[in-house]
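Alright, structures below, take your time with them.
Each of the two complexes below includes chain A, the first together with chain B, the second together with chain C.
Up next, the complex of A and B:
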């Protein structure tokens, strides 16, 4: 029927703008970058030629890549673990209502609300070994004044610390939501059932928070995996100790101009991220099933 | 009777609102006491004070002669069934039932725990649900498990806070009967809070009527129903509720203001009072004053009529042998021997 035909085209008409955008911004670049990863394309200049799997071979031979992978893994693990522990701890301490709670929460949430790149620059000033605010302060108290972001032994820790400072509030916020979603009468039932505080925490609070905390860890882990702004601002993209995968990628493509190699890197990273995410999702699924049965 | 639980002059405020004032109450060692009252009367607060979940601002709570006013809930060894079930989610029914038995200091063997869980499950007909996660239970099953979790450890006192309110009518009736049977088996004193007068009347050994944080009357269901001490008590019991009139005795009759004659009276001339008449004690025919039927409700075996009579809405129960329609005029007659008279005052 004519009406159906019209409606069919009308439907496509409505979808078309979104579809065009999706293809132009996501699907085409994705496919084109696969092609690029098999060439020796440069950032400037248009003559590039097919090099086959040479880029991929190079990725695995290149020591820098392994180093960046280790740095990233360590960074993700430490940052997320610290943020989870600190955030949940803070939330647990703040779970009850008190007079200044809204104010305290607002202040605690400020770091999360600020742009990472800007915060990175601020922290670079604060942590500066010679004139930074932190060292001025330490000096006043009579402590030694370490070179926070230039000392190879300290700079990884400094970047980690700033990331923890920025994202602990996020973990706290999610933890607080999880804690407050537990109905109070469950705790009252537990009190009547003579459960000790530790037992109540271990058997009721933690399991009931776990699903939401798991989600927060997933979100934070994927974010930390991509961490670039802070590293760029604090130590730069080509620093041996703090070069994560994203920093290495940036360095390869935009500083060294090796687009072909860079895209090859990014595909290896993509495969890793997908693998990691699926492992995590499977773990979450198992957790869910276990708690169901 | 030596009471097991004794409350003396218990006061409790939530901020500026006074939830309980001067509550005196005693519960016998083998008694089911129902606390009946409308929403906001302080019923739940009273129960929470008994459990130790809330502490009294003033007054004392005695259990078996011991002052437990400052004791924690755990130390009092009471069980509490919440209106909202309060099962531990994500756990199986069995784990829910085992939880109180695994509390520190209980020192029960695996065998004893399994036996007690089995015993409770059989008593509550939930044997087949033991391995099921608690979220996959119906409301009725959840409440059975919640009750089960309370009885496994054989507490000294059983406190139930509107346990059947969130269930549908049919289930409510079934569980009501089961609870009544259960308490005969357990022989543990029980305090049962409800706003449902039918539940109160059918289950209670004694009813305590609570309103605005004060106990208005304590007595057997029969006493509270037939001889309410005040109009407030009378209005809380009976379905439909009792009719209350402001009356004055003149020439051998109760007059409602100058609207007309309600019933014969033996009271002294000129006395004014509040007069309560149950709907079942008003006949639709045979009286001297006209009334207009406003609403006819079918209550199954009888009709419930709401009529405009003597300047107010009056509820009465009529037999099904005759039918009624709104707008119809009837002449209600009050059974003068069954009326209840309160607050007598000498007239002027």
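Up next, the complex of A and C:
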């Protein structure tokens, strides 16, 4: 009897440190931030008071919060779509063995391995409208020299371009793994059946790659949703054209000092992201089941 | 082994003793530019005189504000004195960050000798209240630098006179400014008329727009009631913004998003006839271009001439120990002495708020831009310096940017900005909630 009691406490003893850490690092901040979202807490001020749902009212009233959400959605959609298409295309082109394949793959993977903030600063120099390397090159060829990171029609595309440059290799890597996991005998069977290349691609390659590609899309979408480093480095956090959720949150909490308002906005976003993620995961589950069958 | 233990104990004792008997030191945070380097030189002199060391930590401009306010989030700041932007004072005063200096400052400096505009915008909160939270350090204003050699070229002068029917000279009104900008704007020769302040990074677009806003009769709002509608989107304000936007057709390439550093580059590379910037950025230009350059005040519209104030004051952190606050006061009082101020203004880009010095011939003759700077001070005005200044600034940057980029019409942009400013002021409890 006493042995059971000791074993029970021992079990709790073993999980207690992890539990304490989990509560201290995750649960408590989460609950505390819910409370903060109903206050006028300031980053530097010591006094804060209860303001009810006022912060949430402001989130829905200020156009900039909706605008940042739309900018982020567009950014995530375009970035992930471009990276998926280019990455899959590259992987498809590189799937067969050839002499310099390891070298080509290594070179292609370099952008993904570099820190985003540093790359952002480098690209800022490259894209500078007056003395940037890109415009110097375009000038030599006799082309016009646009203001890549200040022209309102171009700056969003510039950030997008750098993101695509950085993260296409990731999509390529996952796509390559998916392509190489398809057993060759399936293609052999298709060839015996005289399936056209397009039909083989549509009926075999794509469905068999889909689960892994879906996972890659989920990972990239999550990452693109948080995009901050490139925007901070290229256009700054307060540029309406490129102001994503993370940039606006940084502006709200760290520049304006509005911790309460920032947390309220975070919770609105959290609810939206959870809703979108559940829809996506359901879709992924269905894809997986179809692929298995 | 025993020796190693003894050695370790001795080392520990020595390091403890060094912290106990550490030299007295005042730590100052300021942005990275020439005046900060000059302040360090003066700080070294202060150490020679008093034995109190002074360390000026220079932080790059783009991250200066972020680093200061993040540091204020700690229980104790890493600095004793922060040389904060004029707009920060409301936040510093009301959030318990800046030490109030109302009782102490008159004992350190004769308040009457501080230029009234510098005292109002750099040191007091609320402005004009007589409550001091800063002492003057760097008084600043925006002003134009121009290519004197182009203006004095006989061929250019004759061509200008033929085209506009008057002499080519530094413009006094905005209408004259437009003509001169138009005259020198020759993109096919890679020569441009002007570059104003239109950058979106921090506050440059706001500093660039303000002279137009005020000169055309608009304002950021009512300083007493905090009402914005009818001031910021008045007909005059809209006209001012239209004129501002219209001038950008004569701007250097990329001039629709030009910050302080962009303008410095645009002028230094010899492509632009006139650029607007803060005076402390000009010593480098004078050094490299010498007699080729001249300076003029921000032009007027009719009899209304207003100039964006810059500059920073010494504020003592409330989150530093009382002993450190006392040392900080000693340094500030020392800095305000006339003999130190006389030395201060001899360094490149260093300006004083001392009216006697500003009026002196020695100051006006000391550099080619000093006389223009001194004349500019009487026209200074500043942006909101309420605790929520940064939100107001960020909203202004976005809406004015949209107007200059052609995303919105000037009236539409100012209507939206006025509405957002009122919401921010309501949220801050300064304007009654509607």
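Basically, the second predicted complex is superposed on the first by the 288 of 293 C-alpha atoms of A that agree within 3 Å, B and C clash if a C-alpha of one lies under 4 Å from a C-alpha of the other, contacts with A are read in each partner's own complex, and residues count from 1 in each chain.
Methods note: a residue touches a chain if its C-beta (ideal position, glycine included) is under 8 Å from a C-beta of that chain, and two chains touch if they have at least 3 such contacts.
All values derive from a computational prediction rather than experimental measurement.
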Quiz item: Sharing chain A, do chain B and chain C clash or fit in the superposition?
Solution: fit
Exercise. Applying the touch criterion given at the start, work out whether A:192 contacts chain B, chain C, both or neither, answering first, second, both or neither.
Key: first
Practice problem: Classify the contacts of A:8 with the two partner chains as first (chain B alone), second (chain C alone), both, or neither. | Solution: neither
Quiz item: Taking the superposition as given, does A:139 touch the first partner, chain B, the second, chain C, both, or neither?
Solution: neither
Quiz prompt | Touching partner for A:183 - first (chain B), second (chain C), both, neither | solution = first
Quiz prompt | Partner with the higher number of touched chain A residues, chain C or chain B | solution = C
Exercise. Mind working out whether A:207 is in touch with chain B, chain C, both or neither, as first, second, both or neither?
Key: first
Quiz item: Where does A:62 make contact in the superposed view: on chain B (first), on chain C (second), on both, or on neither?
Solution: second
Self-check item: Touched partner set for A:238, first chain B, second chain C, both or neither
Solution: second
Practice problem: Note down the smallest distance between any C-alpha of chain B and any C-alpha of chain C in the overlay, whole angstrom. | Solution: 51
Practice problem: Mind listing the chain B positions that touch chain A in their complex? | Solution: 51, 53, 72-74, 78-80, 82, 84, 86, 88-90, 92, 99-100, 103-106, 133, 135, 149, 153
Quiz prompt | Complex contacts: residues of chain A adjacent to chain B | solution = 183, 185-186, 188-196, 199, 203-204, 207-208, 291-293
Quiz prompt | chain A residues within the chain C interface of the complex | solution = 42-46, 54, 58, 61-64, 129-131, 145, 147, 150-152, 235-236, 238-240, 251, 254-258, 261
Quiz item: Where on chain C does chain A make contact in their complex?
Solution: 65-66, 69-70, 72-73, 91, 95-97, 200-201, 253-254, 256-257, 262, 265-266, 388, 390-391, 394-395, 397-398, 401-402, 405-407, 416, 420, 423, 427
